[in-house]
Amino acid sequence: MNITVWNENRHEKKNPAVRDIYPEGIHGAIAQFLQEEANQVRTATLDEPEHGLTDAVLSDTNVLLWWGHTAHDEVDDGIVEKVRQRVLEGMGLIVLHSGHFSKIFKTLMGTSCDLKWREADEKERLWVVEPGHPIMDGIGEYIELEKEEMYGEHFDIPAPDEILMMSWFEGGEIFRSACTYRRGQGKIFYFRPGHETYPTYYNKEIQRVIKNAVKWAAPTRRSRPVYGNAQPLETIKGK
Amino acid sequence: MNITVWNENRHEKKNPAVRDIYPEGIHGAIAQFLQEEANQVRTATLDEPEHGLTDAVLSDTNVLLWWGHTAHDEVDDGIVEKVRQRVLEGMGLIVLHSGHFSKIFKTLMGTSCDLKWREADEKERLWVVEPGHPIMDGIGEYIELEKEEMYGEHFDIPAPDEILMMSWFEGGEIFRSACTYRRGQGKIFYFRPGHETYPTYYNKEIQRVIKNAVKWAAPTRRSRPVYGNAQPLETIKGK
Amino acid sequence: MNITVWNENRHEKKNPAVRDIYPEGIHGAIAQFLQEEANQVRTATLDEPEHGLTDAVLSDTNVLLWWGHTAHDEVDDGIVEKVRQRVLEGMGLIVLHSGHFSKIFKTLMGTSCDLKWREADEKERLWVVEPGHPIMDGIGEYIELEKEEMYGEHFDIPAPDEILMMSWFEGGEIFRSACTYRRGQGKIFYFRPGHETYPTYYNKEIQRVIKNAVKWAAPTRRSRPVYGNAQPLETIKGK
Amino acid sequence: MNITVWNENRHEKKNPAVRDIYPEGIHGAIAQFLQEEANQVRTATLDEPEHGLTDAVLSDTNVLLWWGHTAHDEVDDGIVEKVRQRVLEGMGLIVLHSGHFSKIFKTLMGTSCDLKWREADEKERLWVVEPGHPIMDGIGEYIELEKEEMYGEHFDIPAPDEILMMSWFEGGEIFRSACTYRRGQGKIFYFRPGHETYPTYYNKEIQRVIKNAVKWAAPTRRSRPVYGNAQPLETIKGK
């Protein structure tokens, strides 16, 4: 499996507190634990040429992870369209936390992807609601994070194909935190936690969910469907 | 209920065979049978200023029907975005036949919306698979159309929230022909039949499905959800 | 619309605290607010002959509401099977609170319908997650109940066709609280709140949800599908 | 992976034409191609003690396949309940063809599972509608079977979690032929083809679907959720 971890990588440059938590960037932290699973893992970031997502990289990527926050608008529309085409062709896509507002997620969902939010160092508890799903393999009844940013409903997304986890927040909100979608031949997983000022991506259970999701999102081996004008497979009487 | 029937209205102008079938345009034929249900029905067409979809018209429309085929590209992106916003606010949207390739449907779905097709005067039989759905009210086991254009799978759409009818085609294909989606607060119904060279919209059962769909797609009466930064509803301990 | 409100009606007989809250029984309280909507409303209870659900009553019922708790096992299996058949024929079914463990709900779901629970006078906040659904008509962003019994995930149900509301509980759990299903031609709505020691069914927003659900669950007007051996509709070549 | 292939094995005993096609029984034919994938494969049949499904066998089975037709009623209710419990615990279940009317499938679905049928040596073409699903790995646009029994809609099942293939039949019907469900922690796959008088289970593409389904249905490694009375995880104010 060839995996590419894409990160905006701006908070890490500008904010020492974030850099202290993620000295190799959020992409570096995620790449590290994904490498434990014998995957080929690349990283790519916003400020690289073509955001690090050249045609060669994209065509060689089986699953792409996406973290962005402050600079969604700086992502080139042409690159977004190439990523979308790759998803429709079968590339897996895992959208993390504030990636809910990325161009790629919004264009694949069709909705505003808006939500409530609050930074208040509050507790989040993610409850498993679909225990038989492979992404929940090895996860207990819930994952507890002592401090996270809050995301609250209404989350303006299409009804997910599958809802795997829902979050309880100390401040009184709930959220659909682990959601799957299929688009074209591609599988998409949205996973809520991961604010840049908390060490969430070092949490072993959060890592486990992401590792499981990468396996789940792997492309199937098949040709794309054939579209367009089609000859009949059976005799049509009127002809 | 205020209903707006939007039609490209180009085949009717250019092709005498289509004009013979739909002398008032496809929009005129649809508007006529929808008026039987005590609705306020407007029509709007591509060549009107703002395609007939001014802010005033859109804000006053509860359910919008959309038929287009040869001129999807001529629909202004700004108008498409306004329609999309109205759907997210709660306006119902009924997309007919070749509208599967309209900008508004593709942007709300996020996928290519591509499919197989063939014009061969062949038989279509639409089978009901969700008999308890209100859009199927009064419909028998199937609707048979002696001659229609074929649309075949794979249809590159997100898995529908509900699949109500599936088509059998004489030439050997099948198709998910009556599909519902929710996007934001809006309800969307895609209904396959209605090629411009056949009198499909005069079929009483096809009319019944569309009349039922209009009722189903009516907006709920509620404010839009509140998005953005949110104060806690409960005390957060760490604070 | 002919509505039948079924209630076990045992807590009301045995527990003065419950009787004080619901002097006419939970069924009486529910029947009262449903009558405001110009429906024909009957009640039926466990200790009546045939639990009040004779063939005549069932065949004349468009939507049945079900509240039970301590005496699920006393409900006759033959009556349960008759109710199930009526649901498959198209009768709407609204299952309330502890009805999650009723024979009729379990047999229609196929799963254990088990959950976590706690009686601790705690706060529940039901958040709307599907704002465009007709059952959410007129409901704000959430409904808050100062004191309710807690039900927590994992709730062992099939993935609902639609999840309309999710609950936040003061003690740290979440729950899928308003769920729809289709079974046969019938529509089913499960709605969590309504423990017998709290005045939940007097809450105007809770009443609104139940009123909306009754409308949504109304049967469609159509014959049942035809099952069994079928003659071909097209010529089969090999014959 | 430990797999158990259960077969009624009555047609094979009574009907020489079936025995000619499946000299080792339908279970034998299925077991043979599943063994190619390095699985441990057992078979079990109706006339064995406990139908071959002892507690030891069931607790050691990761995925159970089920073929039955003429003797559904002879399957012991106690065994059915044990199988159901194992599915809820996480065992995968693959229900084949006429198994749609088995006790185990009906009890897990909650509906009648009825359908239209016809034995007329007619052509079936199964179209892929969810090309990104792992069960569709390696499958082309469709699978064509020259002669099969027809199953037609309406198929009285809950709306599947995922519809992977739909069948076109020469005689004019369509059918949802490859459907997934989750129940408890278990995954269920229904796959339509496989009438006893045709060599369907020797078709390499049909075999591929079943092999893929076995992998997909494998249990996740996790404890069952905890149900029942629960202590609060957070402080409740009123207490």
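Note that the chains are named A, B, C and D in the order they appear, and that numbering of residues resets to 1 at the start of each chain.
Simple rule for what comes next: a residue touches a chain if its C-beta (ideal position, glycine included) is under 8 Å from a C-beta of that chain, and two chains touch if they have at least 3 such contacts.
Bear in mind that the values here come from a model prediction, so they are computed numbers and not experimental data.
Common neighbours of chain B and chain D, by the contact definition above: A, C. Interface of chain C with chain D: the two copies contact each other largely through the same residue positions, with over half of all numbers used appearing on both sides.
For chain D, the chain whose average C-alpha position is most distant is B.
Averaged C-alpha coordinates give centres for chain A and chain D that are 32 Å from one another. For chain B, residues touching at least two other chains, in rising order: 125, 128, 130-131, 141, 152-154, 159, 161-162, 170, 172-173, 182, 184, 225-226, 233-234. Residue ranges of chain B in contact with chain A, taken from their complex: 84, 88, 107-112, 114-118, 120-123, 147, 150, 152-154, 156, 158-159, 161, 170-173, 181-184, 225-234, 236-239. Contact residues on chain D toward chain A in their complex (touch as defined above): 90, 125, 128, 130-134, 136-141, 161-162, 170, 182, 184-187, 219-226, 233-234. Chain B makes touch with chain D in their complex at residues 125, 127-131, 141, 152-155, 159, 162-163, 166-169, 172-174, 176.
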